[in-house]
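Below are two complexes that have subunit A in common, paired first with subunit B and then with subunit C.
So, the complex of A and B:
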């Protein structure tokens, strides 16, 4: 601990703390601009200067580490003068005619800082030169006229997202933010995660969709969870007058710590499907608006005689985007009460069933938490493209690469991470198993294994030389990768559909064995992560909703689609079903085929729990009020059960943990 | 693009630094040496060789005036026209030079792509003005005749090179 004095108050702070942090700890506010809590201090704007006794010049508090006995003054006349001077320079450097700027009036950190210093104008001539406005990006606009070159966006893009798209070219007054080799932003390597817009302090980076639709003071913020995929990133839903304006990353969410991907931040808002606002019943061949009474009676009437029938009864499918509560009621209603044998999810377990089988054989969970990925020094990604889906997990990997984290990608097919990988292994399709055993055999031979191999005799047949013949990967590469993995301190293994889609669990079992061999799977901690599929695919597995779907001879299909979009494959298979009831938010090819459509809430309108890919249970919150005739997914299932004379239990927690867990479930 | 020889030279330089990125200026110098300017491909090559991102390398190129991104002649003729040199007639000398080479007053590159003429501020040889720095060499106390002779000689040398090669 280091003790120092800030504005006449003595405090003790840990070594390495900056003066700015120390001041905040003792309740002293120092204005800042280039500094941002989640980014490395940069010391560029000099707004945060303070007077340190004994130092000739004012010091930037955001980059200055505390030292013993330091005496700091944050609010002297000299400091206040300097702040005004810094702000004056910033205002006069480019165009800051605030009245035309979308953040003016409360949302601009530059303007706010000036008001805090009681500035109403600045004494210098402004720079009249017009700067470029880059409007080439799909979601964002970069107006260089408002840019103060704080480089928050540059740091966010590199440090948090690992994308390194943004930089600064030239120097002095000519300095300008650029993308890649100074190409239009929309044509750059930007992956549209939008982290930069969330950190920009001025109106320089603007989100097209929410621009001019409301200031911070006019909007409401609801903390929730993104249900774009199984990562389960924390979000803040920004709404005004029951309209969703924007989605921000939640800096306090432990899973993503503020960052989001394009799917979670932008695409979730770009829904152009037509909303269903009233129940629909097919009469004389066309869907007609109906009352809830009629619609529910109709469905119950058709389902009731089919209860208990196997093979020619009811087939029921639920979306893995539904909250846990709905999945539980769905499973009870159709599997336990109506005794149907074809009750599953629209993912049909393709991302979880195999892992479940392996967990059951092992008799314990074998996957670990996502946190491990953030501190890995070697990541082995197999059968998964983290730049395509589960992107935030991919950002954790990409941003760690400059710090020396090694990346091995094993995928016979195209994979966007191949080009970033230290080793991009493309084995012959179907030879992942041989490759993994080859790696193990090389590790054992090099004496680097940290655990006894259980399959020593089998490994003998998988000398890298032999494996190279089958996989097409050279023996030297296999040995080098083996050495790399085995000599890492914190290796993490990520697997995806390429592994779980297989008909047998041998590749996954081999991966688990490899992880164990290098010490990444101990009884109390695992560094294996399966990416799963949609937001609640793990919960669907836990409730047994994970078998392949067939209509076969079933006389009725109940599709609890929620706000999901049915795949073309599903639609094809639904053809010819004698009766189809769809519980959905939007019109789709599935509702077109339906005999009854029951309108339900979409994601932003519902409260409900989600179990992310690592077994973390998180609650999504309602931010919008649904249209009047639209009911909750839970409400519809309950009403249907009541009509069928069936009683459902509401406590979903207990049975969520019943099935052989793939991950320890954390609440 | 970095040639094989360039790469070998760069590899030797890299041995001197614990951190590859420290060699970025040397690497850019090598990449620029032959043609006097850097293409996007050069920048990509350097970024890859030093484990840096292209944007970072591009930012460094932008920061240093001696690293050039505009196509430049094989010979870069820089004439100082700052006050002390101007007092010795360097500004008129420069303008006449541009005119004789068929270039606008702000300079530029000759049609054959051999020479780029440029006005600069101080090359630290005020007492010997008019001065021109041609690539790495200084030519002092220049007159129109002298510079024309130098240009003619260089032009001849390069065309010979072309026919010979």
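So, the complex of A and C:
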């Protein structure tokens, strides 16, 4: 600990703290512009200068580490004068006619800083040169006239997202933020994660949709969890007058620490599906508005006689985007109470069933937390394209690459991470197993294994030379990759659908064995991460909603779709079902086939829990009030249960942990 | 014309074709390296350099041996980075060393590497050095062939690889941390210090950054000893230094002189005085970066302390002489333009401060100056002072302040001649 004095207050802070951080800890506010808590200190704008006793010059507090006995003054006349000078320069640098700017009046860090320094004008001529506005991007606009060259966007794109799209062209006052080698932003390598818009302090980067729709003071922020995939990023929903304006990454969320991908940030806002606002019942061939009483009675009337029937009873399917609470009630109602044998999720366990089977065989969880990715020095991604789905996990990998983290991608098919990988292995389709055993055999032979192989005799048949014949990957490459993985200190293995889609668990088991061999799976820790499908795929597995769906003579289908979109495959298989009830938020091909449609809340309208791919349980909060006639998913299932005369238990937590877990569940 | 019996650094002027390794070795070349590898511990090499009093020739004048001793012993790898960016206006000494006496540069690098335990050295040259670096590469290849570089140098277990790299033409990339970023393939902008390169340098590893001339001093120091070296120069500014002389002199060029030689000697004896017998009006002792010295300072001894006491800096010792025909407002504006053009743009005071200073100079030039413009210049300079991220921004204040200090009446005249531009 280091003790120092800031504005006459003595404090103790850990070594390595910056003066700015120390000031904040002691409640002293120092104005900043280029600094951002989640980015490496930069020291560019010079707004944060302070006076340090004994130092001749003013010091930038954001980059200055504390030292013992330091005496700091953050608000002397000299400091204030220097700040005004910096602000004067920044205001006169480009067009800052604030009245035309969307962040003006509270949301602009430049303007706020000027008000704090009691600035009413600036003594230099403003620069009248017009700068370009790049409006080529689908979601974002970059107005160079408002840019203060703080490079937060550049640093965020590189340091947090690992995308390195943004950069700076030219030098000095001619500096301009560019995308790639100065191409229109919309044509660049940008992946539309929107991290840059979230860190820009001025109106230079704005988001097309929410611009001019409300200042921070006019909007509400609600903590929630993104349900775009099974990473489970923390988000903040920004709403005004019951309208969703924008989605920000939650900087305090442990899973993603502020970053999001395009899906999480923009997809929900681009939803153009038509909302269902009243229950619908099919009469004379067409769906007509009905009361809840009628609709529920109708469904209950059709289901009741089918209770307990096998084969020709009820088939029930739930979306893996539903909150845990709803999944639990769904499972109880259809599997436990109505005793149907065909109760599953619309994902049918493709991302979980196989892993579950392996976990069962092992008798313990074998996957670890996403955190491991952040400190990995070698990542092996197999059967998963992290640039396509689970992108935030992909960002963790990409941003680690400049620090020396090695990447091995194993995927017979096109994979966007291939081009970033140190080794992009494209084995012949269906030969992943041989490749993995080849790697293990090479590791064992090189003497680099950290654990005893359990399948030593089997490995004998998988010499790299032999394996190269089958996989099409050279023996040298296999040996080199084996050495790379085995000699790294913190290897992490990520697998996806390419592995879990298989009919037998042999590839996954081989992967687990490989991980164990290199010390990535110990009795108390695992560095294996399996991407799942949607936000609650893992919860659906835990409740046993993971078997293949077959409609075969079932008299009724109950589809708890929530705000999900049914796949074409599912629709095809629903055809011919004598009775279909759909519990959904939006019109879709599924509701078109339905006999009854029960309108329910969508994601942003409900409170609920989600279990992410690594077993972390997170709560999403309600940010929007649903249309009047729309009910909660939980409410509908309960009402239906009441009509069917069964009682449902509400405590979902206990039974969430009953099944052999793939992951330890972390609350 | 020289005060020295023979050159210590510019030896190619005494020995023709010394850039060839055989000529170099025939004249004692690589003896210092042999001596160090066979007879000295690495730490002893550092100690000799410390004792010699050798100071960095890149500008800051920091004692070289002290810098080497900051390299931690327990972190590997360690890198040597040789600063051959040489972009200061009026500076052309490193180029002559690289072209004329490259093996002495390489031997200095090897000695430094041995002293600090480095196995790789990078020579970073300004973008325009394509030609000189071709010759340098030949010298490197020769040194490899003869076993002075590469694996197991001179049969010992000391190994060193030397790489060359050319920048893309930015003055800022001479600043050591910007140079490191550029060398790593990043945008050439300075980094925070601390941590200093000796702790966290190239690719995050301990790194010695030294100027070409600095390292060229090392072989004679190791070969002849610290005492021998200290016979040149003054107590605190030891050794010889290459003075780059340009501007209004009859014989511009590089002159190697003991530190402490009077300025008059440099201009009159070496440079042959001002053409046409005109008077010296002002001198820039360190290119554009250090305050202007007025023409009456001709008796100033040219060592680090004396020049500083006279209100300027010796820096890289690039002397630009201006005679009485020079308009000092114009001269200052040229330098401000240079800094504006070369500002990297990372920090706001330098990026925009230089812009606004140049704007005021444009007004002075065009006859639009306002009565308070001279004070405005001074106030911008005061505000920038000490608040720029790196020294480039601070350098830009020197020509402004010093030209106003010594030649304010020329500014006032511009202000009075309202409406009359150049």
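Remarks
Everything that follows uses one rule, which is that the second predicted complex is superposed on the first by the 667 of 667 C-alpha atoms of A that agree within 3 Å, B and C clash if a C-alpha of one lies under 4 Å from a C-alpha of the other, contacts with A are read in each partner's own complex, and residues count from 1 in each chain.
Convention: a contact is a pair of C-beta atoms (placed from the backbone, for glycine too) under 8 Å apart; a residue touches a chain by one contact, two chains touch by 3 or more.
In this text, all values refer to a predicted model and were calculated from it rather than measured experimentally.
Within the superposed three-chain model, A:219 lies out of touch with both subunit B and subunit C [touch as defined at top]. Once the two complexes are overlaid on the shared chain, A:181 sits against subunit B while remaining clear of subunit C. With both structures placed on the common chain, the touch criterion links A:646 to neither subunit B nor subunit C. In the superposed pair of complexes, A:171 makes contact with subunit B and with subunit C alike.
Of the two partner chains placed by the overlay, neither subunit B nor subunit C lies in contact with A:660. By the touch criterion stated above, A:420 is placed in contact with neither subunit B nor subunit C.
Set side by side, subunit B and subunit C differ in how many residues of subunit A they touch, and the one touching more is C. On subunit A, the patch touched by subunit B and the patch touched by subunit C overlap at residues 167-168, 170-171.
Subunit B contributes residues 40, 43-44, 51, 53-56, 58-59, 61-63 to its touches with subunit A in the complex. Put simply, subunit C touches subunit A in their complex at residues 170, 172, 187, 192, 194, 340-356, 359, 383, 385-389. Against subunit C, in their complex, subunit A makes its touches with residues 41-47, 49, 56-58, 63, 65, 81-82, 85-86, 89-90, 92-93, 124-125, 148-149, 167-168, 170-175. Those residues of subunit A whose C-beta lies close enough to touch subunit B in the complex are 158, 164-171, 178-182, 402.
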